[in-house]
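Next, two complexes with chain A in common: one pairs it with chain B, the other with chain C.
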Partner chain A sequence: MDLHEIVSSLSLEVTTPELSLTREVTGGYVSDLLSDVMGNSHAGNIWITLQIHLNIIAVASLKELSGIILVNNRKPDADTLKKAVAENIPVMTSSLPTFELVGRLYALGLRCR
Partner chain B sequence: MPVEFRADLHIHSCLSPCADLFMTPRNIIEKAASLGINLIAVCDHNSAENIAATLELGRKHGITVIPGMEITSTEETHILGLFGSLEKSYEMQAVIYEHLQPGDNDEDVFGIQVVVNEEDEVLGFNKRLLIGSTDLPVNRIVDLIHGFGGLAIAGHIDREAFGIIGQLGFIPAGIGFDALEISSRTPVDKAMETFGMYRSIPWITSSDAHELEDIGRRTVGLHLNHATFEELCLALRGVEGREVIF
Partner chain C sequence: MPHRGLVKVCLEEGVFFLTGKDFTNAGAASSSLKGILERLGVRKDIIRRTAIAAFEAEMNVIIYAVAGMMKYRITDTEISVIINDMGHGIPNIELAMTEGYSTAPDYVREMGFGSGMGLPNIRKNTDSLTVDSVVGEGTTMEFVIQLNAVN
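Moving on, here comes the complex of A and B:
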């Protein structure tokens, strides 16, 4: 499954239109503690969080995550978006709360791996 | 010629919902005096309303009280702001109140938030949700503290809960902290080993006392000419022999 498929299935808003959505998504990870994401996520995971601090991009880049979905309509600020584009980390937003969003990702077949 | 002073720069009063009711300004000052501590900072969660009484009592007992506040950022990190005067801490408090999560404190769940005077008499109860977080990003809080001439210190960086490294993975570059605080939970050698990459920023360690017996369980040594906020600022910058002994 690629990011494009997830974006269209869940009607996500893409905040980094400059970036390609052809990246393969191998699984998912959910956490708002960035230290936990650094320790426990896997390369290729899509990361679901409500944190919008600039550091999310560095963590996603370090762990080679396929992208970030922000929940509850949280909007990244300009600095975060600039860094996302520079590091090639697609950032999407959803109006759904985490529970709902993750349920739908699971239904699409994504697992935590 | 600087001489050594002992400081405990992170003490909660009974204004913090999670702190013991015996943490009155009078008890805090008497305890600090009995331990030979020269400087303290009272840092309640998102409020400075018990500083005035503590300052007054500190003056009588020869203890320097630095007005402080433990501010919760939108990322749920704890940032200590230390200020050069009561007025500056109140100016910061006004901004924090404007940005604090709305809602009333539930005393049964979080604890009571007592404002007292120098005689331990209750002046009132703070009704705000002091345990909540502000909607201010951590970078903005640091800038605001600096705008009021204060010191911005990342609180208990060794704690996963509300520590900046736990919440944000690492300390963001260029954020401008004046110091990092190591809590009493981590031995000094262990802290050096784990957080050694952040030694370019000065470190302090303090008690984060919520109960009287916690006061002074960690203190930091300071080489200062006088026990003042201005000298503390100079020590953090290592000016003319002043220094933090960690």
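Moving on, here comes the complex of A and C:
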């Protein structure tokens, strides 16, 4: 499954239209603790979080995650967006709360791996 | 593993300077180190482990210290990284190593740091870790990751 498929299935808003959505998503990881994501996510995962500051981009880039979905209509900070484009990390937003969003990702077939 | 004696051939070494509270550039040193390892053709799983340990160590300097340095040395057999900082020091290193223990201020926790997983993450992803600290002066940490470890 690629990012584009997830964006259209869940009606996500893409905040980084400059970036390609063709990358493959291998699974998903949910956490608002950055060390948890550093330690336990896998390369290619989509990351679901409510954190919007620019350090999430460093984490996603170092872990080679496929993208970040922000929940509850949270919008990324301006410097987060700038860094996301520079580091090639697509950032999407959803109006759904985490529980709902992750449920739908699971229904699409994504798992934690 | 072939015995290579005591002489290690240094492939690359260098240093990054870190500034306390500079969250804007947080992760830049670890990211640069990751790029160097990729250029040298280091195995992917080893790069991943190094990136995790380096990022956690870098964040510790940014969160807790005034300033610090990250020195790296890549040989034909291992990656060693030394991080020293001018900070408060750690009064009880064993306690600091405990999963879930953190002295991070609230604003740092709200950013998703300070969960008490940093030092445990470093220990889990490295082959050796030493931490020396003097309260009121600073902390020196060194970790080593073997390049030819079994996957």
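Note that the second predicted complex is superposed on the first by the 113 of 113 C-alpha atoms of A that agree within 3 Å, B and C clash if a C-alpha of one lies under 4 Å from a C-alpha of the other, contacts with A are read in each partner's own complex, and residues count from 1 in each chain.
Here, a residue touches a chain if its C-beta (ideal position, glycine included) is under 8 Å from a C-beta of that chain, and two chains touch if they have at least 3 such contacts.
All of these numbers come straight from a predicted model, not from anything done at the bench.
J.: Please determine whether it is chain B or chain C that touches the greater number of chain A residues.
T.: C
J.: I'd like to know which partner A:E5 touches here: chain B for first, chain C for second, both or neither.
T.: In the superposed model, A:E5 contacts neither chain B nor chain C.
J.: Per the contact definition in the header, classify A:M38: touching chain B only (first), chain C only (second), both, or neither.
T.: both
J.: Between chain B (first) and chain C (second), which, if any, makes contact with A:S61: first, second, both or neither?
T.: The second partner, chain C, only.
J.: Can A:Q51 be said to touch chain B (first), chain C (second), both, or neither?
T.: both
J.: Which partner does A:E18 contact after superposing on A: first (chain B), second (chain C), both, neither?
T.: So A:E18 meets neither chain B nor chain C here.
J.: Which positions of chain A sit in both the chain B and the chain C interface?
T.: 32-35, 38, 51, 53-55, 58-59
J.: Across the complex, what residues on chain A touch chain B?
T.: 32-35, 37-38, 51, 53-55, 58-59, 77
J.: Can you name the residues of chain B that touch chain A in the complex?
T.: Touch residues, chain B against chain A: 75, 137-138, 160, 165-170, 172.
J.: Under the touch definition given earlier, write down the residues of chain A that touch chain C in their complex.
T.: 31-36, 38-39, 43, 49, 51, 53-56, 58-59, 61-63, 79
J.: Flag every residue of chain C that touches chain A in the complex, lowest number first.
T.: Its residues touching chain A are 23-24, 26-28, 30-31, 34, 48, 51-52, 55-56, 59, 111-113, 115, 117-118, 120-121, 124-125.
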